[in-house]
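Shared chain: chain A. Partners: chain B in the first complex, chain C in the second.
And now, the complex of A and B:
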């Protein structure tokens, strides 16, 4: 009689553990499907869009091409907040790279976003700037 | 004792079920937020692309800038134009830009962009004036030239000595004032002209063989056409003023149209290129 009770008790316990385990695993599975990476990437993408808009509208990109000097772009990149890294490369309309600048102290890239902005310089020639941004 | 056990089991099952449902709801909500965020970003991106392509592009490629639009007893629109010369092919510059945007730029942004009616002219409504900048020539066609009250031009040319100059006689009631400076000299005639006849031009011939000429009147079977021709010289038009009779509608200066399609998010943005509005 005591043996039977013990077996039922053991089976009941095993059954309870299995059900609880399945439930907990299902919860972990659902929670693992959520991601915050998208929001992080959106942030750095929007920073790239804003940066390029500023640099185009205040003629920094145009001046850089016309003087072949990236000092102001470099200063702008260095003024980005501590955790943000960025690289700006200027290209001709036929995609030949002509100038490039990268934030000082930034090297490795995990996940990065890329934004493009076109501009006109040097007697109506067409260029575009490519900004790659990532978290430090 | 048995009852307590059953109660404990049921409570545990309900608690586990609650945690399970909560995590499931969290996942669903998270996915919805991601979808919303993705669409919002796509919308931001299309607006950014539109601004990038259209902002200041007529000024950059056609070298014409709007200075002001003012409304009192007339509507006065003032532009300036630098570098009117044969060596700049405005039509080609616009075509090159259109090609770049529709090919390289579209590919780089993973979008399908189309510019229609995008060329070396723009229109001013409600007067239906069309401004065409073509190499060393500027043409302004106006559907109803009786809406024009006065035209004023201040032009500086890179010449020094003139050989002859001339101006039209008064034929109508649209005032045209011209002020041309060259090598420290000034030529500032004016005349009241009839838009439906082929009036004589305002002109200066220079010793180098170059000539600046301004016509207003009938041209190519259209009345009230203004033409500025900087032949073999470089002209800077520091003041290019059109004064129109008052109409209640808002003044809008429009270029072509732009269509941006993102095939990934299945969104299309189509809009007119508004250069400026009152």
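And now, the complex of A and C:
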């Protein structure tokens, strides 16, 4: 009688184990992905809107236009939290940019949000303040 | 006479793989259920923190002269620290500061299990923001989640930064 040696594990079984292992690892890898903050764009937009609102209400924007000086706006931008960046540009009603200031140390932009607020200066002339904000 | 097989090696391997997949599915199920629960809690806290800070700094409260009333849920429907949008009133801030913390939490809608809050109002002194008012309880070592929301306001004509910290206290192991 011819003695034949058999394979302990068939190839099918080995492939099944490998595929099952890959699927399980893929599930864990996918599930371990952390989700980013869903509200971060909303937060940075609120920062822009709030900033323009308080700068308009305390007449900082009006003073900047009338004195052609962005020192106080620059000071405000530099006081933003470390993770926030922003720039403020002032426009006339005919969309001509007249003044601009950006937080020191902020250069590259990722996703940014823009808020616009109108204000009055120079004998009831209308101007617009545009604030672009982003995360460092 | 032929002998039949009850178990073949292939069947044993197949059963083994099947059990392995079932166990893995149970582990993955448990893991994803826990992760979803944590994310839902976090989202809930984010929404509550944003809404409560918005009500405080954007509105006058209801009634607008709530500082004249007894501090309870029957007489006060909502709390607002503002005279107008983003312009805060220091009298209202002082009233909230000295009011009962649990009642304030309820009126603000911070009702989740073990949710606590801390509101900081820092004012600009020309060079930096300095702490001016603190209301509520700071996160302690047992805090499992802390949500931080920051917004700008005006207080007594000064730039001010309001920070709402909403956190979940975990005093027991069930957290």
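Miscellaneous remarks
Keep in mind that, in the parts below, the second predicted complex is superposed on the first by the 98 of 136 C-alpha atoms of A that agree within 3 Å, B and C clash if a C-alpha of one lies under 4 Å from a C-alpha of the other, contacts with A are read in each partner's own complex, and residues count from 1 in each chain.
Just so it is clear, contacts are C-beta pairs under 8 Å (C-beta built on N, C-alpha and C of every residue); 3 or more make two chains touch, one makes a residue touch a chain.
Keep in mind it's a predicted model, so treat the numbers as computed, not measured.
Legend: residue contacts after superposition of the two complexes on their common chain; A:122 is shown touching neither chain B nor chain C.
When the two complexes are overlaid on their common chain A, residue A:27 makes contact with chain B and with chain C alike. By the document's definition of touching, neither partner reaches A:67: not chain B, not chain C. Residue contacts after overlaying the shared chain place A:53 against chain B and chain C alike.
By the touch criterion defined above, A:39 lies against chain B and chain C together after alignment on the C-alpha atoms of chain A. Contact with chain C, but none with chain B, is seen for A:13 once the two complexes are overlaid on the shared chain. Residues 16, 20, 24, 27, 31, 35, 38-39, 42, 46, 53, 57 of chain A contact both chain B in one complex and chain C in the other. Interface residues of chain C facing chain A in the complex, by the touch rule stated above, are 9-10, 13-14, 17, 20-21, 24, 28, 31-32, 35, 39, 43, 46, 50, 85-87, 124, 128-129, 149-154, 157, 159.
Against chain A, the residues of chain B that register as touching in their complex are 9, 12-13, 16-17, 19-20, 22-24, 26-27, 30-31, 34, 37-38, 41, 44-45, 48, 51-53, 55, 57, 60-61, 63, 88, 93, 96-97, 100-101, 104-105, 108-109. On chain A, the positions that touch chain C within their shared complex are 8-10, 12-13, 16-17, 20, 24, 27-28, 31, 35, 37-39, 42-43, 46-47, 50-51, 53-54, 57-58, 76, 79, 81.
Partner chain B is touched in their complex by these residues of chain A: 16, 19-20, 23-24, 26-27, 30-31, 33-35, 38-39, 42, 45-46, 49, 53, 56-57, 93-95, 116-118, 120, 123-124, 126, 128, 130.
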